[in-house]
Amino acid sequence: MKKTIHLIGPAGGGLNSIEEFLLPALQRKGYFFYAYRNVMSRVRGGSNRVTITFSSSPLRSFDEKADYLVLMGKERIEDALMHAKEGALFLVSTEEECTTHSVIRFPKEKLQEFSRHPGSLGLAALGTLFAMLGLGRSAIESIQKDSWTEDTLLANRGLAEYGFRLSESIPERADAPVSGTILGGNQALAIGALSGGLEYYSAYPMAPSTGIISFLSAVEEKEGIFVDQAEDEIAAVMSSIGAASAGAKAMTATSGGGFALMSEAVGLSAIAKIPLVIVNAQRPGPATGLPTHTAQGDLYQALGAAQGEFARVILAPGDIEECLYEANRALDLAWKYQVPVIILSDEHLSDSSVIMRPPDYRRLKNERYLAEQGSDYKRYDYNRISGGFKYPGYDESIILNDSHTHLEDGFYTESPDLTVRIQEQFLQVLEAIRADLEPPSYYGPPRPKTILIGWGSSKGVLKDVVDQTEGIGMLHFRHIYPLPIFDQTLIKSCRLINVEMNSFGQFGKYLRSEIGAEMDASILRYDGLPLSTTYVLEKLEKL
Amino acid sequence: MKKTIHLIGPAGGGLNSIEEFLLPALQRKGYFFYAYRNVMSRVRGGSNRVTITFSSSPLRSFDEKADYLVLMGKERIEDALMHAKEGALFLVSTEEECTTHSVIRFPKEKLQEFSRHPGSLGLAALGTLFAMLGLGRSAIESIQKDSWTEDTLLANRGLAEYGFRLSESIPERADAPVSGTILGGNQALAIGALSGGLEYYSAYPMAPSTGIISFLSAVEEKEGIFVDQAEDEIAAVMSSIGAASAGAKAMTATSGGGFALMSEAVGLSAIAKIPLVIVNAQRPGPATGLPTHTAQGDLYQALGAAQGEFARVILAPGDIEECLYEANRALDLAWKYQVPVIILSDEHLSDSSVIMRPPDYRRLKNERYLAEQGSDYKRYDYNRISGGFKYPGYDESIILNDSHTHLEDGFYTESPDLTVRIQEQFLQVLEAIRADLEPPSYYGPPRPKTILIGWGSSKGVLKDVVDQTEGIGMLHFRHIYPLPIFDQTLIKSCRLINVEMNSFGQFGKYLRSEIGAEMDASILRYDGLPLSTTYVLEKLEKL
Amino acid sequence: MMNPFEKSVENAWCPGCGNFFILKAMQDAFEAEGLRPQDVYVLSGIGQAGKLPHYINTNGFNGLHGRAFPAAFGAHVANPNMKIVINSGDGDSYGEGGNHFLHGVRRNIDILHLIHDNQVYGLTKGQASPTTALEQITTLQRTGVRNIPIRPLLLALSLGATFVARGFAGYREQLTELIRAGLHHRGYAFIDILQPCPSFNPVNTYAWYRENSIPLPEDHDPTDWEKALLLASREDKLHLGIFYQAESLTFLDRVKYLDGPLFKKKRTPRDIEKYFR
Amino acid sequence: MMNPFEKSVENAWCPGCGNFFILKAMQDAFEAEGLRPQDVYVLSGIGQAGKLPHYINTNGFNGLHGRAFPAAFGAHVANPNMKIVINSGDGDSYGEGGNHFLHGVRRNIDILHLIHDNQVYGLTKGQASPTTALEQITTLQRTGVRNIPIRPLLLALSLGATFVARGFAGYREQLTELIRAGLHHRGYAFIDILQPCPSFNPVNTYAWYRENSIPLPEDHDPTDWEKALLLASREDKLHLGIFYQAESLTFLDRVKYLDGPLFKKKRTPRDIEKYFR
């Protein structure tokens, strides 16, 4: 059993609340889900969509087509039909005719008996869904918010109650609740960073990365960490570097435009050997582009960020669970090698939610890789590949952090020989990191004919595609740069198709530049919407 | 006949003046030259070096080893020996013994009879060089500066006169002067931009690009153009975009660190279709790196500047003459296609000087590619590939410049279909530009065994290497992105060696990602000094 | 007759947003000044305020967050015949774009700068802006803002601004007059506009602004810089009106050789012949 | 005995540069305050002033042009037990780094900010800085500067700075005292230091500064903000001394739950278990 609900309505029309009540109710009754929120760049009005695919077994992606469509705003059924499965059920208040599908109507007048809030249809529809999905009348109890007055609470529960009764209630499910926590990509990144010892977080708001600071600022006191909104992205990244230089574990996040502004500091982190972690939650560019939609268009931006050449790391988590692990790894690598680490996430990950089980704590690290105290110390020991970090005040050593080509004690130099020495140290560090990273994960038959090459947030979709096809395997890269060492037998013998959310096929190009792999075909989506199983399957068929 | 002079001395010790007097004197007597200034990042003191290779026939590069070495500061002969040819002549004031080379000594006490200025040795040595190179006693007349007092002038001429008499004077040369203007890369870029109609120039000082604004600000009134020092690089690039959006031809320049800050605006230029030209005069990074030295380390920075994917152009002039042509082309392409154009120059070009003959004016363009007035106008006609630009006030059309994904009239949209449409327009524009660019230039035997692949400022050196070897050809790219269409026969049949001033072999990687070409070997220099013929020849031998 | 600056497009601002009044005041002022849509160029950054160029029928530029000022500077120098107006949010102008404000003001370029000061980041959903009050609770600053708010007028004055005013979106007629005065001013005209954001600023509401704002003293002399400075530094009451206005050389007055649009002069590649003689 | 903050390395500043006196004043002040090299962390941007961390025997950070302030902010919050000092040029602090100045000041973080104000860009060879006088001729502004210079103290005061002073590199003893007072101040201490640049600023020489500077009036009350504001706005005479000083909550006072270095608390990956219960 796998069903999909679409909640469609204007920004500010209660969509988010409905999702908030529905997801835990599903979880309690033993449903797994994959929810994705696709909104417009505005605070009120417009047409937003929340897609919730749920099932009694775990899910890796959402379905684009819906079994249930809740139309909360002025959306016309005609438009919504594009996303409706055959036999889908519409929950609407319009008078519009719809002959092709079943419809449950919530007459405006009826709703207004309870409340004049524009979100009232959503609450009634929520009740109906509770009934139809076997979530039980008791789910109505879960509808509440601290910010509500007693009146609002009553009205809203009344609406749900009314909705509940509109449909025939199927027997309440008796499955055990799915254990785990409902998390989106941003929360998972934040928690992953906390697991790595995060102590300092500074950022400037920018969709779709803002969820990270929202989460962290809500827990700063509890965690005893420092969270700050900077005056701009340059300050955010520089204060993170300043904090790291003084001993704190720091991170920042932004989207592509802010990342551009941060890029100069990426090079500073490298030459000054001050650990830095930046999350770039990608959205479609160029420039302002589509602020609330998704893309994988910033790989070359990450590869090329800052002038010159140096050791850097680029990680791209494949799903929400990997967001947690990779954020932890990012802090670990940044501190171990004293390098900048860039995490490429995207709006698809940021605005998705799933139920995540507790992580495997043994896979998580929190180290500072400090030098021994008191020893004779070289801040920039040319022979050091990892570890050996010190910060001012750690002991009596005097620390000089510097952005030039420098001597081992940090004093600037213009020596050609030492310039070469430092450059070669970067190359050595890169090789060490390469060996520390994990090969792409393969999923599929042992002898595939075709391999789908993916990176970042498309992992779940690609696995689903593999499951629904034959002779196709998937090679998913979450460690991007330096490209990990991996067995290239499959790459050399199979038809290769890079699947990416961009129009240039950036990862395909990058792979070619690194290992000479030639893509035989590409499946590229660049309309601002996430890759979906249907989309990839359709394109595969047409190849 | 080809000789090389090294002037070595502290910053502020008169080195630049000596160069200023020597070069025109050489020119007047029929010498061509290639001069390169290699300085430290300080205003006074340290050890700077000016290398002047001169010859009676045109030159494409300078020699690293000197026939004449003028040591103006505290340099020890021992250190300078590394750069001396066998039989070289040292002009010094120290008492140091030097048994291996001839020495002309300028005793301190003697010099101080004329002047106590630290640069006095330089002026005396200048006189000696005038004598030895047959530049004639009359050359001493050319020694003068507006800022000098009568006393200084007399003292300095006296010093030169004294130096002149120290050596046996060879007969004065009778060659006709070399016709042309003494130009460095920055001046050539500035003049090239002026030839393309430059009207607005805003920049923030940053070595080695500062020479451009220095040149332009000195001529702003004469040219009737506007030149401004911005508060930061972001303002420089944004005001250029603002000016271009309002009808002016604009440009800005910086080095890698400033380019990082400008990078967000590169994407704005692209989506808003406002022409933009940025010069990035490269220097060794990361971060502050070596502010006054050279590198080709920013190719990936240029390729990846700004989030998202769009049409951009990257040009990399191969020598000072090409600086002029490519700056002209940059303005032309930017206005023709309404795209951002990045010129990758470097410190080597910036700090070199040659005698340049007047350009071929027929190869220079100055067009605005404007739409016809009054017509029904779409600012963002999805079918427009080139031309058709309009700015506010041009006629009665209302112009809306926008940074989002937008409708053809500039109003923002979040339509997935139009997002695709705009992305495809970018791809079409890129193809049109690709066809407009020129293939790499080949130089060498018709059937080479080995090809040296170069880009940017190394063109002269590579040609010299080809001339001094057998079976080796050179393929030099000055049009980098989009990669021009070219005959790949040689690439497919020859041994390929990429020669670059970086440690990652960026251009080699890029070429592999674009056309799958595999480099068989690399010659990479990354010590902050420019590639030289000797360096490449030595490395070639060891391969 | 329709105001020529009106444009019929779907507007994405929230119902009740102060931006609607600012837009209307601009349209009224432009019309009253006899401007035509092709005479005006409105530039903005990114934010709710930044959307304004989409909603007005005149030339527009909706660029990057924080970067309207330098773009406007370039446009003004390129073509001084255009009426240049910047519209941008408080976050955009004082936060991300703070450095351009610092240096733009001191150039005294002949443009009009309108800041939609809702004391909050609207588009990104309610974080503090540089003008949010100390200790105010926001969607991000959950234990209250920790930074001392900037006082925009004080800042503009201390940077040498030659026209400094405060308006309120809720007093549309006064605002229209201020905009007109700003358009008349020869030099940099700065108007900080108090703008309620019903969606994210529950503190600085229409009522709050009405309560906490007062007209400038009857006898206020707008040529008295020191007085203006002290009034602008007050935190208890927000005065409305023209705090300060002075005649002074504009930026372009100082670039004496320039006269009219930069593109007026015909140029050909052969212009560079002089460098090869 | 040698001052513990002295360091014997080759110094790249020009002979006669005002920076030497600033360096010396710092070393003297640090020693007089009984600080040890390991207690102090000096951060800078890029420029001649920015080289200072290389020349003093204490912890240092020579980062990016214009970006010392946010780095110092992060370092201070990470470890409030360190004495944090920013040294940077006028171009660095007010030009490239202007936005950080704008927002750094209003945080009132407990650090000392020393600006080497030579009214010119030294390292890049003589271009105008934000404090160069109007119409001054420079290596770049050949027909004179066109921007109204900023008045750093006025700006700092208008942003709510709690310690605002001006020193002169040529009066080393007074400067040492100012630095000591700045180190004592609890909160943000700002000292703009007039610094002759013999290589590129032929106008603002030692003699010029001596001529154009005067002590603050005998009866100046440094708690009088309005008075300080007016004195700081004067362009005819440059007063030297402490213009203003006030006690106020510091930034970290407002982050009540923090106490000492951030890295003090032991953390393990299992700390996140609470999010999975």
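We just call them A, B, C and D in the order they show up, numbering each chain from 1.
Basically, contacts are C-beta pairs under 8 Å (C-beta built on N, C-alpha and C of every residue); 3 or more make two chains touch, one makes a residue touch a chain.
Computed from a prediction, not measured in an experiment: that's the story for all the values here.
A.B. asks: Quick one: name the chains whose C-beta contact count is the highest of any pair.
C.D. replies: Max contact pairs: A-B.
A.B. asks: Based on the averaged CA atom positions, which chain is farthest from subunit C?
C.D. replies: For subunit C, the chain whose C-alpha mean is farthest off is B.
A.B. asks: Taking each chain's centre as the mean position of its Cα atoms, how many Å separate subunit A from subunit C?
C.D. replies: The mean C-alpha positions of subunit A and subunit C differ by 36 Å.
A.B. asks: With centres defined as the mean C-alpha position, give me the subunit C-subunit D separation in Å.
C.D. replies: 31
A.B. asks: When the C-alpha atoms of subunit B and subunit C are each averaged to a single point, how far apart are the two points in Å?
C.D. replies: Taking the mean C-alpha position of each chain, the two centres sit 41 Å apart.
A.B. asks: Could you work out how far the Cα centre of subunit A sits from that of subunit B, in whole Å?
C.D. replies: Here the centre of subunit B sits 43 Å away from the centre of subunit A.
A.B. asks: Would you mind listing the residues of subunit D that make contact with two or more other chains?
C.D. replies: If we look for residues of subunit D contacting two or more partner chains, we find 46, 62-64, 95-96, 98-99, 102-103, 130, 255.
A.B. asks: Hey, what residues on subunit A touch two or more of the other chains?
C.D. replies: 40-41, 221, 231-232, 234, 257, 264, 268, 272, 287-288, 403-404, 412
A.B. asks: Quick check on the complex: what are the subunit D residues that touch subunit B?
C.D. replies: Contacts found on subunit D: 12-15, 46, 48, 62-66, 95-96, 98, 121-125, 127-128, 130, 139-143, 199-200.
A.B. asks: Can you check the complex and tell me which residues of subunit C touch subunit D?
C.D. replies: 94-99, 102-103, 106-108, 130, 144, 146-151, 154-155, 157-160, 226, 229-230, 233, 251, 254-255
A.B. asks: Which positions of subunit B touch subunit D when the two form their complex?
C.D. replies: Residues 12, 40-46, 204-207, 210, 213-214, 217-218, 221, 229, 231-232, 257, 287-288.
A.B. asks: Within the complex, which stretch of subunit A touches subunit D?
C.D. replies: Residues 180-181, 183, 191, 194-197, 199-200, 202, 220-221, 223-226, 228, 230-232, 234-236, 238-250, 264-265, 268, 272, 328, 356-359, 361, 364-366, 368, 391-393, 395-404, 410-412 of subunit A touch subunit D in their complex.
A.B. asks: Looking at the complex, which residues from subunit A come into contact with subunit B?
C.D. replies: Touching subunit B: residues 40-41, 234, 255-257, 259-261, 263-264, 267-268, 270-272, 280, 282-293, 295, 297-298, 300-310, 403-405, 412, 414, 416-417, 419-420, 423-424, 426-427, 502-504, 506, 509-510, 512-514, 516, 518, 526-529 of subunit A.
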